Every structure is written in structure tokens, then in C-alpha cells.
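There's a structure below that I have some questions on.
Should a chain be cited, it is by its letter among A, B, C and D, assigned in written order, with residues numbered from 1 in that chain.
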Amino acid sequence: MTSVLNHNNPGGNFVGYGNEVLLYFDRKRKFLVKLEQGKKISSDRGTIVADNIVGKSIGSSFITSLNVRGWVLKPLLIDYLEKGIKRATQVIYPKDLGFMILLLGIESGSRVLEAGVGSGNTTAVLAYFVKPLGHVYGYEVRKEFIEIAKNNIARLGLDKYVTIKHGDIKEGIEERDLDAAVIDIPDPWEALNSIYVALRPSAPVAFFVPSMQQLIKLYDALNSHGGFIDIKAYEILLREIELSPTSIRPATRMIGHTGYIVFARRVLKG
Amino acid sequence: MTSVLNHNNPGGNFVGYGNEVLLYFDRKRKFLVKLEQGKKISSDRGTIVADNIVGKSIGSSFITSLNVRGWVLKPLLIDYLEKGIKRATQVIYPKDLGFMILLLGIESGSRVLEAGVGSGNTTAVLAYFVKPLGHVYGYEVRKEFIEIAKNNIARLGLDKYVTIKHGDIKEGIEERDLDAAVIDIPDPWEALNSIYVALRPSAPVAFFVPSMQQLIKLYDALNSHGGFIDIKAYEILLREIELSPTSIRPATRMIGHTGYIVFARRVLKG
Amino acid sequence: MTSVLNHNNPGGNFVGYGNEVLLYFDRKRKFLVKLEQGKKISSDRGTIVADNIVGKSIGSSFITSLNVRGWVLKPLLIDYLEKGIKRATQVIYPKDLGFMILLLGIESGSRVLEAGVGSGNTTAVLAYFVKPLGHVYGYEVRKEFIEIAKNNIARLGLDKYVTIKHGDIKEGIEERDLDAAVIDIPDPWEALNSIYVALRPSAPVAFFVPSMQQLIKLYDALNSHGGFIDIKAYEILLREIELSPTSIRPATRMIGHTGYIVFARRVLKG
Amino acid sequence: MTSVLNHNNPGGNFVGYGNEVLLYFDRKRKFLVKLEQGKKISSDRGTIVADNIVGKSIGSSFITSLNVRGWVLKPLLIDYLEKGIKRATQVIYPKDLGFMILLLGIESGSRVLEAGVGSGNTTAVLAYFVKPLGHVYGYEVRKEFIEIAKNNIARLGLDKYVTIKHGDIKEGIEERDLDAAVIDIPDPWEALNSIYVALRPSAPVAFFVPSMQQLIKLYDALNSHGGFIDIKAYEILLREIELSPTSIRPATRMIGHTGYIVFARRVLKG
């Protein structure tokens, strides 16, 4: 099957003009580029001429003007998240998103609420997993980010699975019977009634809050609301391991905290 | 859309006979049960009579014989992983699986290799994300686990998206042009040629290895093979936060280590 | 120099009657015992006859009745903490104590306040580092623990460096010009005035609080008090690595949380 | 008691000329300075005139030329480690040192071996805890660091408790019957015989190794040597918590790895 991410890459196993490809040199040097006739891609590893790559098998290596070897790859979701999303806001990291997707049971066909679209990073990931029959309904109060989010999502070819609205979920959510929700706003405790109304009974919701004060307020509100049970909270620490033939070891620096992930399930109140 | 997990639960928003439901009391007391006429479910919170639950709205609460309140929920993937999978072998944990799914870019339609099926826990998760058009090809050398895995996967209604084979990937993989692979065997460095042949160029593979000796051997083999680039390794620490109105804090006990996750991409050799 | 821990072990390099020794078999089997004439020590590794060990060099091995090899060692502080302290209360773990000692700058000669003596575990560690010229002043409101603490501290031969008082530091501390303080009580924010009066200007204090609610209350109180600056908070995760010739890896289970350590320095108010 | 760290600070509770003090503004702005007549200390918080501080009580606040408030404090060990040690080499961090000190049972009076003196950071900490009757014997093969280390240690007034030698412990250690050892060299498995000879029977040793390859080699060598038992390995993760009235949360960035700490005890071989 052709992945939607490769909507610009119809040509099967060979690299063609118009394809978006990942040019890979090493862990620090990767370039997500659209190949066009005559295009030259400059890097500190030398220049790459698009015409020299087109026609090669996907997965082939090539040589730059500086005689450095690189590879031409089909981009993965993670490549778009790392290289293809313009980040105008803080985003939820893959370590947290993967766990959320799994615990929420997001699947092909799910109808999902997202609050706090920001740059559209989480929206894109949700859309990737609900396609082709599901849909993501995203709300964002800061108008200036909506265009950025839409462009980011379109770059991944996921726009037809997403509706982004300018609005505040605290004032209401238009959809009903949604299968799951991801809430990444500063004061989610104010939005519990809206979320309650929008989710189908038994549906799960994940909240993302950075601080302890927020975690406490959110838990207290969920706990006393009456419409949410099975409240759980987690934090995830991701450690990259540095790899070399003589020294394999956890990296010296790591992200120490992104936020707390809080799960709950919407039940019938009373 | 009706989720495949609710293949026994066709009746929309009301609980029906034959439905598999989650009876929830608290974080420690959850029961995944199939409701049958006349069935009585015993628990330390009292007896629940299936007939009293059937006909209720999904998400409703009920009262046990001991006058304790519970809720009837549609099970999520995580409920099946926690309560519906018979574990005959060590399994990969949700914290690791969610991250793998995201980094591998597993999606609806993917054709995925799995080596080391074991109890079928990972197989089920992969099938959940590739359905309805993708497929998981699982290999397992220990014949005694294959029936267990098949039963586990069938319980989730995911069997039509999975083929499990009795065999050792080191001796060859029958499929070609696979989109991704999850390898959970003790000596994955011996299987690199098989994996190389089975994956399409540019496809990602994730390995799961518990020990440092394995990590070193695997890295050295990947690094010198020639057909794999973009080698990355991680470990994930999941911390549950205990929640109560007077004390919110990370849990005293946690899982300190499951394994190292190693990613690579298959390229054209030479 | 003869360590105070070896107050029962005056005989230099040879094991004598009356010595407290550590009999070591493996990581799970260690016994802290006082050797007396005719004493037999039973273990699942067989019986050890004290008379057969006395006279040997410290560090020698011996053979039990079941033909298992063990070693006779001089106990270290950590052996007393693990095997020689009767734990009637929750204690602060070595991972946290070591860091506190270093950041507080506890040293031989320090005069230290401790609030929340409990079983005397922290008291013993503080006494170990302030001896022979310093002193620990410990307060405990729960009378029933004071005798236990005194016995534990005496077993390590550290009693002459410790004064334990039955009392609540919130109602006042008798000492003045103390060099440092370790506060392990449930509501330390109520004790800031007492601590302020007891510490010499510029002296550091370490608080130990398990929950986020406590951390927030403590920080807010320290921050608004006026007599404390340089407020810092930490948590420490200790991971044991399992060692075997074929598999070296972090242990599957670990302590995920003990408490937050909060440091501050007492300055002149106003 | 006057701490040795305050050897330049004999004057009790008042700030005097010649004193080394910590001028504190906030977590990021601390200055360790020796106060001399007429000295002006410049900072981005304004200028501080030494003459205006001398005569004040320790712990007092002062106002800079830019009208910013600061405090004058007696430096602690940790202030010297953070501000008073010139770092020419990688050092062992306080989180690791505190735990080592505790598990090794370093105490006033201990005679301790150190291999890999580097900048003298660990040496200073060891000296701090063994004073006034103990001694640290440090070995360093890289001649260029010895002067730096000596100067660093002298700045803390700890030089009389330390002997630093230019030499390689793999070629032998001159001391005998040492109470403990801290080994921070790249290939400690080559030095086990030297360490065995220098330590008294039953004495503990701590090794610090950054990589998994080193950890495996060291464990294998310790395990097969015959003169070391009770082999344990750990890693410590220190998380700083960011504190503010509206947001308390673990810091976004943290040190993800420094090294593995390996403990063993020297016994009689054979």
C-alpha cells in the first residue's frame, strides 16, 4: 500500500521528480526535500543535484560534490515530525504521543477531539492513525497558529482527515459521540463539562499538563466531576543511548521533563 | 465506526448479551467479561448479575450485591493487553510499543514483520494499527506458544490481520517488500540478512533487547552489515503518578527496565 | 584508625570474640552477627560455627556445614543501615542521604539539627559524619520511636554523638547556631520559624517531602518567609544494574520515588 | 567549630577582610570571592564594594550599585565544587559522590586511595570527609593536571589531608592497608591487582565508568579475579525541580548520564 505520507511519491521503488525524500548522511544530518528538476541541495557535506538522484532505487546511496556518501529514503512519520513540521509552539514529544495513542486506543476510523492544536504536530499524528476513515476535530484559541497548523498537516497529506476550528472548548464543542480526546491546554479543569458532552460514554481522554500545580488542579476537578473515572497519571522519561564501536552509553544530556499525561474515561454522570 | 475490538459488542450504546465489557470499580479492580444470560460475576466488591447490566447504556454505573458501585465500559486496547491476553512469555510493555509504533510509522495498511511472537501481545498491537488493510506476519520458533498467541489475537478479533508461522527468521523469511519489522528474539544479530531481504528498501526495523551485551552485539552487527543506517537506541522509563486528594506523587515502585529499543533503516547494500 | 562502627571489633586484622562481623555469601545473603563462643548461625546456606571463624583474618573465606563458601567482613555503615537498623518507620534512603550530606556540607565537627528521628536511620548517618567532635540534635514527637532510635544508634556505637529529644520542633528548638538541619516531618512549612531561630546565619537546611502537595506548600512558605534563600529541589532515581557474565542490565524493578529533597539557606530576615 | 572551608574566614559571625564569601543573588548568579580592601566586584546585577560588606553579619543582605539585593554567605563545600574548582577534566558529580561516600563508609580518619585525580574535585570531597585525621592518596598519570588539582585542593584549605602522586596505579600503589578506594580511570580492570594489594582486607572500592563496554569488562575482571566480592553496580539520575509560585515541575533539561558506579569489597584471595 502507498502510505499517505508518500502522496508526493507515487513511483513505487524509484525516486521521481516531485517526490519528497529524506537525504540521510548521519544522525545529525538529514534533509527532507522535494526533488525538482535542476534543484541543487546545499549542505555542509557538499552539494546534491536532484537530477542525479531521480531514477535511483529508493534506499540507494549517492555521492555529494564533496565526495561524501548519503542515502535517499522514503520519509517516515517521525521524519516529518522532526524535519517537516514548522514549530511555532511547544509540541508534545513522540515518547508521550506514542503512549497516548496506545492507551487511548486510537485506530483507523476513530473520531478524535484535540484541544490546543498549536502547530498541528499532535493533530498530524492523530490523523495519521485515524486515517483513512476517521477524523480529527481540532480546536485552537490562538488564531495565528491555525494557518501554520493547516500548512503543516497539509505537508503530510493528512488535511482531509482533519478539521481545525478557531475556538475555545471551554465554551463548547460542536461534535458529539467522539471516540477519544487529547487535551493540551493550560487550564483543562475548566473544560471538563465540554469534554463530557462531546465524548461518547466510555470514551477515554488524555490530558497533557507540564506542572504539578496543574496536575493537582486537574486531578481534583476530574475526581469531583462525577463524569470521569479510571483517572491515571504518568510521566515518561526517554533516554537516548549514544552508539559507537568503543562507547555505548546513555547520552549525557536528555529531556528531563515534558509534562504529565493524565488519562480518564467519560462515564454517565449520576 | 465500530471498533474491531468491539466485534462482540455490536449494539451501539447499549450493553447486550454476548458483549465483552469492562466492569470497573477502581484502578486495582477491573474485570473483562463476556455477558451471558444468567451469568454471575463474583468479586471482592460483591456479585454482579449480568442480567442486571444488559440493557443499560454503556458507561452506566451499577451496584453489586455488597452495595458497591461499579461502571460498565467498552474495553479499550489497553484493557485487552492488561486483562485479555494470557501471558505465557515476557511481553513488550505499552510504554515501549507506543514509541515503536510511532517511530516505525506503522499505519493502517502497513505490512509488518514480527519475529518472536511469544504470547501474541505485540502481534495484537501491530494488527490493531495496521487494520483493516494491512497485515502482520509473525514468526515464532517455540511451537508451544503459537496456539496461545492465536487465541489471544482472536479474542481481540484481530486474527484476520495476522499470519503466525512456526519458524526461525534466521533461516529465512518468506515475505518480501515489508514496510516495517519488530524483532524480539535473543540473538537478532544473527538475523540481519533475513531481515534485510524481507524489508523493502528504506523500511525501518525496531529491535528489542534486554541486556547491554545484546545491545553491543546488535549495534556492532548493524554497523558493519552495510544494509542498515540511521541506527538509534533508546530506553523508556514510565513512571506512574499515584493520585489522591491529599497526596499526588510518583509511585514508590516502578518497572526500572524492560529493554533497549534499537531502530535502523534498511538501505541498498554496497 | 579504628572506625567507631568497629567499636566491637578492636582486634585489628583478626576476627575475635565479641566482634560484630558481616558474613557474606551473595547479594541476597548477608548476616550481621556478633560472634560469641559456641554460637551457631543458621542460614539456608548451612550452619556457621562462630568458633571456626574467630582467629581468622578479616576478609577470609569459610565453609558452612552445607559446604558453601562465605566470607567474614568488617561491617560498613551501609551494612548497618541494611541489616543493623530495626526499621519501625519509613526511612530516608542512602541515595537521598548521600546527596544531602554532600550538599549540606556535613563534616566532622558539625552541629546538626534533625527533625523526625523515627527509627534513627538518618540520625545514625548524620552522627557518622559529624563524629568525633560534632553532634546531632534529634527531635521526635512520637514517643514510641525514641527508644527504638536510641537502640539503633547505640548498636552503631554512635550514641555519644547524638541527643534525642521528645518534642515538636514547631513548638521550638532549644539549640542555637546549628550548622545544618535535616527536616523529615509531614508539615515542615509550619516549622520554618523554629528552624530559622535554631540555625546560624548562612546555614543550610534540607527538607524531605514525599508528595507534590507538600512540595508546593513548602516552597510557597520558604519563598514568602524572608529568612530563607537559595531554594532548590531535587529528586534522585537510583537504578541498580544486575550483573551476570551473560546479562548486565538495569534491574527490572526499582524504587520509583521516595521523596523530594528541598534545600535552602537561612539568612538574616529583613 | 570552624569548618576548614572557612580557613580564610576566622572571624565568627562577622564578615572580615580576607574572608572568602559567597555573594548570592539568585540560582544563576552566585560569586565566590575573597574580600580585600578597596576591591570592587562587578556583576550584571551591579557593582559590589567589598568595604561595604566587611563588618556585616554573615547572612546579611546588601544592595549593589544597580540597587539589586544580594546576600553574603559562608561558602559550603558545594559552592567550592560549583564555583571554586577550576575544571580541567571531567569530574564526578555530587549526585554520584554523595552516594559513593556513603556506601564506602568514608569517615573522619579514613585513609583513602584515589586513582584519576584529574582536577582534584573528587579528591577535595574525599579530603573533606576524612579530615582531620584521615588522608587521601591520589594518583594521576597526566602530569599537566597535578598542579591544577593541588591548587584547587589548596583553595579549599584541604591540602594537608591530601598527597598527590604522579603515577599509574596499574604499575603499583605505594600505600598499604587503605580503608577505601575511588577509581576513576579508563581501564580499571587493568589495575585490580594493584588495588588488591593496597586495600586492607574487607575494604570497599568504588569504580566510576561511563560506558557499557567498560562496565562489562570491569565486571568480568572483578568477577574472575578472586580477590573481590559483593560486586554491585548503580546509576543515579538527578532531577532538578524548577520552582516558581505558579509552576513547579522537573526541569526540561537534565544530565541523562554521567557513569556507572561499581562497588566491590577486597577479600583474601584463594
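Methods note: a contact is a pair of C-beta atoms (placed from the backbone, for glycine too) under 8 Å apart; a residue touches a chain by one contact, two chains touch by 3 or more.
This one's a predicted model, so the numbers in the text were calculated from it and none came from an experiment.
> Return the chains common to the contact lists of chain A and chain B.
Chains that touch both chain A and chain B, as defined above, are C, D.
> Looking only at C-beta pairs that count as contacts, which pair of chains has more of them, B-D or B-C?
So, comparing the two chain pairs, more contacts are at B-C.
> If you average the CA atoms of chain C and of chain D, how far apart do the two points sit, in angstrom?
Distance between chain centres: 21 Å.
> Centroid of chain B to centroid of chain C, CA atoms only: how many Å?
Roughly 43 Å, centre to centre.
> Taking the mean of the C-alpha atoms as each chain's centre, how many Å separate chain B from chain D?
47
> Which chain A residues reach two or more other chains?
212-213, 215-216, 235, 239-240, 248, 250
> Which of the residues in chain C come into contact with chain A in the complex?
Listed in rising order, the residues of chain C that touch chain A are 212-213, 215-216.
> Which of the residues in chain D come into contact with chain A in the complex?
Residues of chain D touching chain A: 210-213, 235, 239-240, 246-258.
> For a test of understanding, state which residues of chain D touch chain C in their complex under the given definition.
1, 3-5, 13, 24, 27, 57-61, 71, 73-74, 76-78, 94-95, 97-105, 107-111, 125, 128-129, 131-134, 179, 200-202, 204, 212, 215-216, 219-220, 223, 229-241, 243, 245, 248, 250, 260, 265-268
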